[in-house]
Amino acid sequence: ADIIVVSHGQASDPFWSVVKNGVEKAAADTGANVEYRAPETFDMVAMSQLIDAAVNQEPDGIVVSVPDADALGPSIERAVAAGIPVISMNSGGAAAKSFGALLHVGQEEFDAGRAAGEKMAELGGTSAICINHEVGNVSLDERCAGFAEGFGGTVEVLPTTNDPAEIESKVQASLDSNPDVDTVIALGASLAGEPAVAAVAALGRTGEVNVGSFDLSANFLQAVADGNATFAIDQQQYLQGYLPVVFLALHADYGLIPGGNVPSGPNLITADKAAQVVELSAEGIR
Amino acid sequence: MNSRTEHAPIIHMDNIEKHFGNVIALAGVSFDVSPGECHCLLGDNGAGKSTFIKTMSGVHKPTKGSIMFEGREMHFDSPRDSMEAGIATVYQDLAMIPLMSVTRNFFMGREPTKGSGPFKRFDTETANAITMEQMKKMGINLRAPDQAVGTLSGGERQTVAIARAVYFGAKVLILDEPTSALGVRQTSNVLATIDRVRKDGIGVVFITHNVRHAMAVGDRFTVLNRGKTLGTAQRGQITPDELQDLMAGGQELAQLEGSLGGTV
Amino acid sequence: MAADSTATTQTDERIKQESLFTRLMKRPELGAIAGVILVTVFFLFTADPAMFSLAGFMNFMSPAAQLGILAIGAALLMVGGEFDLSLGSMVAFAGLFFGACVVTFGIPLLFAIPLTLLFAALVGNLNGQIVLRTGLPSFIVTLAFLFILRGLSLVGLKWATDGSTQLRGVREAVEGDWLAPIFSGEAFPGLFVMLAEAGLIDTFKNGTPKVQGIPVEILWFVVIALIANYVLTRTPYGNWIFASGGDANAASNSGVPVRRVKLSLFMITACCAAMVAIITVLDSGSTDARRGFQKEFEAIIAAVIGGCLLTGGYGSALGAFFGAIIFGMVLIGLTYTDIDQDWYLVFLGGMLLIAVVFNNLIRKRVTGER
Amino acid sequence: MAADSTATTQTDERIKQESLFTRLMKRPELGAIAGVILVTVFFLFTADPAMFSLAGFMNFMSPAAQLGILAIGAALLMVGGEFDLSLGSMVAFAGLFFGACVVTFGIPLLFAIPLTLLFAALVGNLNGQIVLRTGLPSFIVTLAFLFILRGLSLVGLKWATDGSTQLRGVREAVEGDWLAPIFSGEAFPGLFVMLAEAGLIDTFKNGTPKVQGIPVEILWFVVIALIANYVLTRTPYGNWIFASGGDANAASNSGVPVRRVKLSLFMITACCAAMVAIITVLDSGSTDARRGFQKEFEAIIAAVIGGCLLTGGYGSALGAFFGAIIFGMVLIGLTYTDIDQDWYLVFLGGMLLIAVVFNNLIRKRVTGER
Amino acid sequence: MNSRTEHAPIIHMDNIEKHFGNVIALAGVSFDVSPGECHCLLGDNGAGKSTFIKTMSGVHKPTKGSIMFEGREMHFDSPRDSMEAGIATVYQDLAMIPLMSVTRNFFMGREPTKGSGPFKRFDTETANAITMEQMKKMGINLRAPDQAVGTLSGGERQTVAIARAVYFGAKVLILDEPTSALGVRQTSNVLATIDRVRKDGIGVVFITHNVRHAMAVGDRFTVLNRGKTLGTAQRGQITPDELQDLMAGGQELAQLEGSLGGTV
């Protein structure tokens, strides 16, 4: 079977590299011929063109993430019209369904954000900063928005670039100039989470300030295990890559398909579980 | 030749000063040209001749002093202004774009067009033909009008600049060392051209280091030295040797000349 | 540059005979064609044949067209000796302005489109004014606007949507507007249905044609390229652009209104960005703060592939046209091949390098030596 | 450029007296100082006072230093008339190479660091060779390498880590290596403890000083800036760099070995990138595929703020030094202010623009007119 | 003056051709210079003089033909090669960097240093002093050695290029229209300088359009026309008028000259 996966995350993004690893494992397990495609920046116009390109190759199934239903809708409808089975993953499940997708594997970014916010509020947080390392990337914006809703207290978005040194300095600056802040949430573990932990440590406020992060990285998990960070939110994105491919392969071979959506997260990893996950994360599986 | 008292000067520059940062390039120079007159501007290297004619043609703004054009005071904000007033200039650096073709350089800023409305377009054929013809008049046989100016020889390039100024020259023609890179034949042509346009009533400002060229066509001679006027003389009031001495800043040239045999 | 070739009547012993091929290859845009051919041949051998089906062609041409409209603006400006790094941010900002006009204020397209273009021209004018008045390099001034416009898009989006960074609902807002089909979707759908019925073009299993028409951006792209080429090579204004970029001093000394030329180029470039914004916003039905991200960069790349000099004064609109096609083909073409996405950037870079080296080699071989 | 000022013995009536201030302001780097002062004053009024505490100073200087090391390399290359857009990707690639040396192969720093620099120099050399042999603009060649090196970093990381995009464990691998403190962490910790005990600098409640030392990148930054400035203004090689960038043809005709100069500049620039890679990898203990993303861009910005011309042949290393500080201060400083973070990019762009307009204005006011 | 049979030629160019794409700039030119001789290269604009001396100094590679230097065949890959062999050239476009100071241009590529090892540095004081002195010798009083060359006057700039070539000149000195922008005094200085270096046994190639300058210092005269040699004459075998006719490509100049009074 030929299956094409089109996502909105670059292959070099730590989160999406795990998705891609799941895709590759599924390809190996099922023997399907699978291609993974993504635009090089968060670019909905380019992504819709990649879906069109996939449809033109008439594969036996297409897996898409749907961060912008308006922009990607026509392309998905075109795939469905062409008789190609589509499974959505990661984001935009409801919208994808309305365009004719079979099912959704994943977790809404907003919901994950809300879960994180609730957890932080539960830990006593009242004032938070949300480190956004790619402002304007809608899925990151939603994480922040969800976090704000779940958290309840004041949430300040801290826009940064992709540079860890800069993120560390900015977190430090932000904590320095606003002593009320007691919570830091990072939208990516290795890019933003690790520097945030370092910044808090540099200010000597480890333990006073709760640091949490979306997604996993080995170093961040180590920090969680060591008690320097509070939790990491895992959406088990390996499944978001693995399952849809397996489903579509089975569909192509035997016409099988599950009857409903598969929620892959959210899943809070705290100190007790972190140590077990470190090694898996270092191998790009979690 | 015309006698200069016949006409009021077409352009009159009064006590012009020009400073660049802390460098004083012109320290008060007055100068005028009448229609039909060829006024030579002479002087040593670095005397300020080019700076002076650049203030005349709107490239530099004078630090002090006034410019009267046809009796009215003028403030040229750009070379385009002076051009529209009727001044055509050949700059010492020629003001050409090396990557552009000869024709495009020739008509730069004043392109002939054909067609009308949105279809008004650069009339390439006419432009090419005029360029080839004008260059031939100056004694240069171009291979093709679309050769890039950057690949022309030094003299060919200078000829393009002169031909352009002469072709568009209206009331005043300023030539900054126009013959410096020219061959014998081309030089003769340029001097003859100066003579011809002067007879048509155009005022010519001619800068040169060659006394013989100056004497051949000049009606008046003004000599600059270190940013100041050294003096002005009418044709016939001065011998070539006196003029040469003045141009060199009045220094003693006898010794050098002796060893090399006469006027250089 | 290459427009003025006349037959000199007399022959000159100082000129060698030159073949038609040599004469053609001297034009900068034709070097870029060599690149297009090379890239095409490469993909013919490596890519899925679907790439060169009609649908595949439209598929790689439509990003090429969107990039190309920007690239042509960038090329004109580069020939005129300036840069506009705010091009990509301008796409987002004009997109926001247009989206807000249509969705928030419900202005019909007949007014919203000219308003957006006017607005973009104003911003371009501001860019140009600052560059010309301060005498700073346009690189640094437009870079500041890269940040400012991107930031304003974000602020504006949040304001227009009450806190989201994505403005949606454009498609619904323009439903039924008679101007919409000119700026979005596919042109000549009837024709393609007929062709499909006649069996001349591929259809999906259910009988609808795979290609429902020519995406309008491709038509706009071609039209804009032709106009830009005409202006650059055939009009006095085109001559002024070359002159201003070649040597602003010399041009100004020769009477070219350099400031006016550069100002107008900044405005034209901004309008090209607005044009792309209008087309993509109508097509996708939404706009977000990341639209046009790094497009300024890609536009300059396409212009340089097409033979524009970074130093100004040399280049061609047709070159930028083919440069954008090369870039678009490589970008989308790689997804038709079997290469692993991890290697994608390596191939992208490698293909670009090979394409420019090749077209340069051909041009050099043909036109002479040291 | 500004190095050769002698007192001409005789005075000349064609020269006006010039104040010391005017003479100083003519130097390109001092224009950039005006920018630094302006930005400082701005933040003194708007930012939290913590910004100008010792800790705050170290905090904005350390990203400025990392950027600055790149900016100095970029400035030298720009003065020499070329660009290197692969700078940012080179940081990631060299970081991967260094990380793999240390972690995967367990090579001690004494060899790993020279190996990494050598490797970077080789890549820089390749860049330069292609530019010089093909005669293509360096913009397009190094752009191809921007993609290629970024892609190779990803592929290499996955290979080195069996599928992850982050290589970790560097800190453990270099534990106890005597060279590590020279390339990572803080310098002079003893001094700062003493200062803290003497009550001269702030301490945490537990008595440890808030600032444990000067981050080594700041020291490297200063040292590299001084060396680059010395080379550029005081050595024959520096003269060749200016000449090669000013007019490669004229320089070559005057006997400057232009090719060798440019090649060496490409290698030096790549080594600056490798230096940043080594420092950041040791500091963070890990490397990933996104390191150095868009740094080439920021480095060029800093160099241009510092007075480098994009066309080559003019600029200064000290200018790039101050340019990087301006950029770093604005970047981090905005976090210390109360402005709404949505407006962050708008302010970043605005501050940049004001800083360069201001330093340009001062320079113009001082040095004369049309 | 030296008679040319005394020495074997120091440089001998045989049947040089040079094509640029489809343009034939040189169609087979032979030429030689002996030590202590000043060989003038004359000819109309676009005849190929600059192209010829550029092949001699390694800027262009000849399409055909051979270059013998001190009896050995040479292939100059770059101007640096020819410079190291002992050829110093003043190019018509001067080969100067406008943004750099006079001193830095003067010593570009051959900087004097002081100190040693890693502290070997550009000796600015010496360099400045030498520059001011050499410029003064040529008759130009610079304001300051750190003025940017781009702000010098045309003649000042040309003088820097000449002073540089003379200062570093080793065995052959090539001057492409060195006096074109110079004032009277500076021209005398340059001609005297040519005379002096020739007496020191250096071979000089001197390109000019001015017959009087050529006659003042030339030992031999070679005239080019449209990329070919028109002929070579010894000093004394030819009158200025004959030479002038040859330089103009043998065309009839009588009429023009008549109207302007003698040799131009």
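Should a chain be cited, it is by its letter among A, B, C, D and E, assigned in written order, with residues numbered from 1 in that chain.
Note that a residue touches a chain if its C-beta (ideal position, glycine included) is under 8 Å from a C-beta of that chain, and two chains touch if they have at least 3 such contacts.
Chains and their UniProt names: B, E = Monosaccharide ABC transporter ATP-binding protein, CUT2 family; C, D = Xylose transport system permease protein XylH.
As the structure is a computational prediction, the values presented were derived from the model and not from experiment.
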_Co-neighbours of subunit E and subunit C - touch as defined_ = B, D
*If you tally the C-beta contacts for B-D and for B-C, which one comes out higher?*
B-C
*Determine, using the mean of C-alpha atoms as each chain's centre, which chain is farthest from subunit D.*
B
*Relative to subunit C, which chain has the most distant C-alpha mean position?*
E
*How many angstrom between the C-alpha centroids of subunit E and subunit D?*
44
*asked:* Quick check: how many Å separate the C-alpha centres of subunit A and subunit D?
replied: 33
*In whole angstrom, what separates the CA-based centres of subunit A and subunit B?*
72
*Give me the residues of subunit E that touch two or more other chains.*
20, 23, 93, 143
*Provide the list of subunit C residues touching at least two other chains, using ranges where the numbers run on.*
14-15, 150, 154, 342, 344-345
*For subunit A, which residues are shared contacts with two or more other chains?*
11, 135
*Hey, which chains are touching each other here?*
A-C, A-D, B-C, B-D, B-E, C-D, C-E, D-E
*Residues of subunit C defined as touching subunit D within the complex*: 130, 134-137, 139-141, 143-152, 154-155, 158, 300-301, 304-305, 309-311, 342-350, 352-353, 356-357, 360-361, 364
*Interfacial residue positions of subunit C with respect to subunit A in the complex*: 48, 50-51, 53, 55-56, 59-60, 62-63, 66, 92, 150, 153-154, 163-166, 168-171, 204-206, 208, 210, 280, 283-286, 288-291, 293-294, 332, 335-336, 338, 340-342, 344-345
*How about subunit C: which of its residues touch subunit B in the complex?*
1-6, 8, 12, 14-15, 230, 234-236, 238-240, 242-243, 246-247, 249-257, 313-314
_Residue ranges of subunit B in contact with subunit D within the complex_ = 19-25, 27, 60-61, 226-227
*Mind listing the subunit E positions that touch subunit D in their complex?*
57, 59, 78-80, 83, 89, 91, 93-101, 103-105, 107-111, 113, 120-122, 124-125, 127-129, 132, 141, 143-146, 164
